[in-house]
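As written, the chains take the letters A, B and C, and residue 1 is the first residue of each chain.
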Amino acid sequence: MITLASDFGTPYPAAMKGVILQRSDARLVDIAHDFPRQDVRAAAFWLRETLPEFPPATHLVVVDPGVGTERAALAIEAGDHHLIAPDNGVAVPAARALTDAGTELAVYDLACDEDAVSNTFHGRDVFAPAAAEIHEAGSVADVARATPTAEWVDLTFPEPNLGSDGATGEVLVVDDFGNTVSNIPGRLVSDRDSVIVNGLQAPVRRSYAAVGDGERLVTVGSHDYVEFAVNRGRGDEAFDLAAGDTVELR
Amino acid sequence: MITLASDFGTPYPAAMKGVILQRSDARLVDIAHDFPRQDVRAAAFWLRETLPEFPPATHLVVVDPGVGTERAALAIEAGDHHLIAPDNGVAVPAARALTDAGTELAVYDLACDEDAVSNTFHGRDVFAPAAAEIHEAGSVADVARATPTAEWVDLTFPEPNLGSDGATGEVLVVDDFGNTVSNIPGRLVSDRDSVIVNGLQAPVRRSYAAVGDGERLVTVGSHDYVEFAVNRGRGDEAFDLAAGDTVELR
Amino acid sequence: MITLASDFGTPYPAAMKGVILQRSDARLVDIAHDFPRQDVRAAAFWLRETLPEFPPATHLVVVDPGVGTERAALAIEAGDHHLIAPDNGVAVPAARALTDAGTELAVYDLACDEDAVSNTFHGRDVFAPAAAEIHEAGSVADVARATPTAEWVDLTFPEPNLGSDGATGEVLVVDDFGNTVSNIPGRLVSDRDSVIVNGLQAPVRRSYAAVGDGERLVTVGSHDYVEFAVNRGRGDEAFDLAAGDTVELR
């Protein structure tokens, strides 16, 4: 199984699929191709939350603002999964989530023939062929052009500051519904009736429909983080929050 | 075969696919994941029109504004098809279309372990595992946590009033092109040259291109209902109609 | 393998998939269903660039502003590929790209039972069943309702004028990123440091990231044409260019 994730929209992902299907009859599953454009952090978050739901697979990830520059193409062995991605950190949080705690990531540099590839579509020319090759080989280490490397770009999400009377965190992402996901653990609010979010009081509820249409709520989202939402509306607008913003809970 | 339909956008549907693929190697087919947000009626219409095109399958449907409340999770046996959906009516018209006329719907309540699921993503935690389980079992009745129920939320579409000199109906949905689909049977206009729509005269034509670019027409759509359209334009805007609006044909 | 391409958005492509899956268990791969509405030329360009990446397949293409008129339904044998499309030229450039140079296209007219089809959704009623039938037969010539035809709508892209001190070409398409693709061969700029585009000087670079964020560049895109782009921005806006516009390079 090969999953595909990118910020390509259409129809570029289809070109990657054609390239893979020339080399493999793997099942293909799309993760998303509408990640926010060239937003490595947002893609990294969604991949960390989504890829662990899958059985062992090869995951092709192309969110690549540095395409055509010297940045390397990487393959990572992570448990029974393989990730292929540009060296900008986009696949690192997912790879950690798929790797046993305390185990170092096994990262490989994928050599590529510079003259055979375009400068602007490495998804088609570099990453898709590598994904097919690694899927067919069953491991990264068995692919000739993969060499172990200790030099790669890390990406981590900030930790919240948890105090006795609240917490200060950060908005990690806003989803398509407008639900605003922070990095504050859900357990901090799950037994409370309300909290103060950046000075604004809001009820804590277990479901969106527990408040009236258009009303704000704070809830524990499916990622086990504190989320800011509106029943049948957009939490990002109601709480005036965007990715990267600071959130103070009291 | 398992089909998937939701209003989730991306990347949440991919999490549902991962959950299914952990439990089954069923073929997966997307119906749509961009149904109008939390619009149970629109999704119910499209599912009724689309699912009967498929060979026997398990259909996973998650348009669920009541997620996390007491609303039940249902499975419906409908001919050779199975539908898994929240108990808000969203799958009922499709289930009826897949069931022999005059046969009662066979509806089951799916018990779920409240403590093992998030409150905001039952698509991943409740419906996707149930779809995989029912697909593998081959029937809803053979799934241990499914118990027959006679209590479930119905959803029907309004019938038009057909008179001797016209008809009064309702807009059921507007499609992505702006084509505006009413509940008035196409046979009422198919032998006419023009009709008056809410006081506005418009030609009846068999194809969009039978009128000039940007011009209004009334046609019999692929659902066999009267539709209001514009050649290479949007019928909803030209006729000033939205879902739920009344339409008088004379 | 059957690929699907249309301007249908959702959920109409799912109806086509259901129709195919009633008749075939072919692997289905989406090319795109969000081609610019009823824009035959844009779809023709993307198909020409994308379909040759695939192994032998049956390609179902429905961008069809003339649906319901007298325009024919065609099937084209192109190398080991089959294309099914309305007779408006949309599949012709791809068919040529898949056919050996100098070989005539083998085009067939698909008879269809007019009474059995809707007037507005030939994707479901005509093209999808034909794609399944041709896929199962393994060739167009073996399908009873296909008859060779020499009458079909051609579609070609304009050739640029290449002079000693520059070139005059045309914008073929703008992609989802805003990258603006001309018909001028990349080799004309690949050894230059800068060019003048419609009077505006811009650097020629091998990658987007070779200029600062928000800065213009000219590059050789993945289609081997000269493209006008902005690093982390939209080239169409920065160069004030849209599909069909003339581009003068000096």
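Observations, loosely collected:
Criterion: a contact is a pair of C-beta atoms (placed from the backbone, for glycine too) under 8 Å apart; a residue touches a chain by one contact, two chains touch by 3 or more.
Computed from a prediction, not measured in an experiment: that's the story for all the values here.
Because chain A and chain C carry the same sequence, their contact can be compared by residue number, and under half of the numbers here are used by both. Superposition of chain B on chain C using C-alpha atoms only gives a rotation of 120 degrees, nearest 5.
Remark: chain A and chain C have CA centroids separated by 31 Å (rounded to whole angstrom).
Of all residues in chain A, none touches 2 or more other chains. If you check the complex, the residues on chain C that touch chain B are 8-12, 14-15, 17-19, 21-22, 28, 37-38, 65-69, 118-121, 124-125.
Per the touch definition, chain B reaches chain C in the complex via residues 1, 3, 5, 29-35, 46, 49-55, 175-177, 179, 206-210, 219-222, 224, 227, 231-232.
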